[in-house]
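Across the two complexes that follow, subunit A remains constant while its partner is subunit B and subsequently subunit C.
Showing the complex of A and B:
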């Protein structure tokens, strides 16, 4: 066995340039795939984290009849006395924070322009609002008793050319199916670096939101963040009551999970195509090697070497090529991924509100992606080597000795 | 040149097996690019095609300054809109030029509230050209002097749980930042089979809109319907001359975020395909280097016969270029096969309908085009990389000393 690899190594050394180039082709292919896998995984991970942080939380407790798609404010669709409900949930040890939120739809009008927005009534001191408090780029955060102030996303503020201190008119739907309108002062402008969210969300204190929508002591949801999202199921079991619906982050981000599955399926197709293309380069290099060495193979056969052993020799050669190529691919891919993890790619706004894609994508290479891709590359290279190895093994010793039928 | 080409073509087929493998690699790369182009093309077509059909108008004329603020649908009156209508109708391809007022607003009922775009239309003119007007499933379409009535989509009717004859609250904005709201009766419901779009667009009569937004006698948009999709650019060019000082757009320019998304993804695909082609290029380089060694004596003979080094180089470069070209041909065949199959079956995108304003227009399934949109550019890239890959072997061949090469064993 050792001898086989020693021979294979020497054989590769006979045409260094070609061996190097073939391995390089595999390396480039693998590096490209590692980068792509990391970018897609990073995009999906960031989207999920943004969603949990900004939109879905780990859990949301809502009234039984609440329909997320409609943003109803009718009392029967809301949670009554939400502060008490939230406080009760917060006593569970696995819960990091539980805070009531009220959702309404509205229109921001400034000067001659107007934009449809989602209005969220938040409990300002709650720790769950950290993304907005820390993301403040201008002005100050809301206080709980503020009756005339809002926070606005930076993307929206830029579109409307607004800054902290400006006044806007806000139109909001109300519990009885009507709409109400009031002027508000922009206390601060936040950025979550997620344009889809920042262009469509306005925040105000819960008490004011309840007043303007006539929801009184009601909220749409109790937004819950856990210490560890693995505990979701345990908490759901603990909270199970007949009076509320409990939504987990998995349910609320179903679309994202499906998108991830769909893009994974596409990616696999792509991996196979790219690796097939790299494999052709290696196959060609091996075919050339087989025909260059026709006489040599003839001698080996004439000396009594079995066809299977000759096959094994070429397999050893291709596995060495594969190992070299994979090593190059891991180094090259590792460099690319490290860069993309650190600096990311700027992609701007896709106008998405359903899936929260940040304005920058940061790569994230998982160990399982690395291992699967490495093994796939190895397997495909070895499968590709089957053909040239068979060509070599099937040669007739006498003909091969005389130079064969030519390549 | 013809002679070199013939020689290169013959050389090309001397190592059939290797050549076929390289050609397959190029073909796969090319087919992958075509698949992507076809997919993007189908996406584009679905969105713009449906935008024209459902939202109406191949071309829109707006007042200056509208485009920069298009997301906020500003109420910028057109001034002399009758003159625009006349100028547009003077173009032979234009079948209708209709005045509209287009703005954002919100509808609400006790069930909930939805942001919508509110379109004030001239009903009698819309009926022959508007898919929405032709697909009334309950009640009736708007009439010229309708007041206090609104025409909504089935998607919205279901979400708000309202039927014809019931009342909903419509809030929009007047020209000077004050909001206007009014309770209106649903006069009719349309169904174009796209619930997300139906949820986002409601119609009122132009007269009502002028009254509601304080735009007495004016409009903010003239929407032109053409005989066929595809005539947009010619008409736009003609109109830009006869209507200076207005913004004239087709739907292609009306979704900046879609443009951005497609541009980013296109850029990624370009980089991706160049890397793939570099890998393929290594294959070509390998193969030609091998050919140079195999043909050492031949090269010696050619040199002895008086071929200059650069002429020998040319032979190898032509061979590389031919590999690129044949690969492109194989790839185009493969790509056409894949895309025509997918174009018939379509790909399900209904889950993503409510993701953005533009995906709502997808209508569920995307049918890829044949992917020929960028073919010249893609083919050129392939051939250029093939030629670049053959430079090094070509130089090796050219540097052979004829006398030595002749004696090479």
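Showing the complex of A and C:
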């Protein structure tokens, strides 16, 4: 075996530039795929984290009849006395925070412009509102007893040319099906760095939201964050006896989960295409080597080397090229991913309905993706060597000794 | 002991619709320890006969025996197994592996038969000494002269102590002094080790080393005699 690799190594050294470029092709292909895998994984991870942080939480406890799609404000669809329900849920050790929230649809009117928004009534002191509190870019945060203030997303504020202290009119659906309109002062402007969220969400204190929507002492949901999302199933089991519907982050982010599965499938297709293209470079190099070394193959056959060993020799060369290419790919890919993990790529407000994509995508390379891509690159390179190796192994000694030109 | 024997061997090459009969019923027998030349003009069938005796090719009809075993119908792998360890080759072109040193070239057949490292080392050292190339052991073929390369090829052919060494025009690409040196090396090793040499040539300076001369013409043996009878006065 050592002899085989020694010969393979020296054979590759005969045409160093060709060998280097072949390995580099594989390396660049692998580096590119590592970067793409990391970007997609990072995008999906960030989207999921944003959704959990801003939208779904790890769990939401709602009334049995609540339909998220309708944003119902009818009392029978809401949780009564939500603060008490939240306090009870918060006693579970795995729960980090549980806070009531009320959702309503409305329209912000400022000057001649009006924009449809989602209004969320929040309990201002709750730790669950940290993304908004920490994301304040202008003005101040809400207080629980504020009856005339709102927080507005930066994207929306920019769109309407508004700043903290400005007054807007808010039209809100109420629980009895009417529409109420009131002026509100923008207390602060927040940025979650998720343009899709920031352009359509207005926050106000829960008490005020309950008052304007006439929901009284009701809330749409109890928003729950856990200490560890792996404990979701355990908490669901613990809450199962209650008379509410329990929605997990997986259920509430079904679209994102499905999108991730779909993108993973496409990524696999892309992996195979890119690696197949790079493998053709290696096939080409090995086929050239077979033709250049036809007479030597004849000599080895004359000495009694079996075809299988000739094949093994070319597989050894291919595997060395693969190892070299993979090493280059891991270094190059590692550098690219490190950059993209640290600085990310700015994509602005690009996004998909129902999925919160940040304005900047940060790469996130998983060990699993690295191992999978490395093994796939190795296997594809070895499979690619099959044809040239068989070409060499099937040579007739007499023809090979004459340089393949026939006896 | 009979090292090789052919019985009515023919070999027809077909290229498209054209058939070329390279051998037309060749029967011969070569005994252990012989130093035999196959002579004849170009196209007489010398190389084809060597290839058949060397299990590099298969006859169209007839039978070829190596150390008593019929090798005419063996498959690729069986022929490879027969060549390995039983037959050594010396080719007209200096058929060394260019990426290996002289030492490693001689070692290669021993690796193929699975010889242990220590035994390989002793055998290669002894063989390089016997062809006078001890000090060139670590040189690659492109660092050796044509004569030195061919002597490495002789050492390699002898490496596994084969029953038979086949040489196809072994001096054709060498100048006279180097050709002479290679032939003297082969003669000496034949006498010292008793290994059988069969070589194809049409060079009278090489033929004179043979103890038996088999003359081929148009794919047939036209003369098969001891050197003195076949070529008196050479």
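Everything that follows uses one rule, which is that the second predicted complex is superposed on the first by the 401 of 407 C-alpha atoms of A that agree within 3 Å, B and C clash if a C-alpha of one lies under 4 Å from a C-alpha of the other, contacts with A are read in each partner's own complex, and residues count from 1 in each chain.
The definition used in the following text is that contacts are C-beta pairs under 8 Å (C-beta built on N, C-alpha and C of every residue); 3 or more make two chains touch, one makes a residue touch a chain.
What you see is a predicted model, and the numbers here were worked out from it, not measured in a lab.
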According to the stated criteria, A:283 is in contact with first (subunit B), second (subunit C), both, or neither; which is it? first
When the two structures are overlaid on chain A, which partner does A:70 contact: first (subunit B), second (subunit C), both, or neither? first
Which touches a greater number of subunit A residues, subunit B or subunit C? B
Just to be sure I read the superposition right, which of the two partners does A:177 touch: subunit B = first, subunit C = second, or both, or neither? first
I'd like to know which partner A:116 touches here: subunit B for first, subunit C for second, both or neither. first
Based on the superposed arrangement, let me know which partner A:302 touches: subunit B (first), subunit C (second), both, or neither? second
Going by the contact rule set out at the top, does A:25 touch subunit B (first), subunit C (second), both, or neither? first
Shared contact residues on subunit A for subunit B and subunit C? 407
Could you pull out which subunit C residues touch subunit A in their complex? 13, 15, 48, 51, 54, 56-57, 76-77, 80-85, 87, 89, 91, 93, 95-100, 108-109, 111-113, 156
Contacts from subunit A onto subunit B in the complex sit at residues 17-18, 21-22, 24-25, 28-29, 32, 36, 67, 69-74, 104-107, 109-117, 159-160, 169, 171, 173-174, 176-179, 181, 255, 258-259, 270, 273-274, 276-278, 280-281, 283-285, 287-288, 347-355, 407
In the complex, go through subunit B and note every residue touching subunit A. 15, 17-18, 21-22, 24-25, 28-29, 32, 69, 71-76, 103-106, 108-116, 159, 169, 171, 173, 175-179, 181, 255, 257-258, 260-261, 264, 272, 275-276, 278-280, 282-283, 285-287, 289-290, 294, 351-352, 354-358
Using the touch definition up top, name the residues of subunit A that touch subunit C in the complex. 3, 7, 10-11, 13-14, 295-296, 299-307, 309, 396-398, 401, 406-407
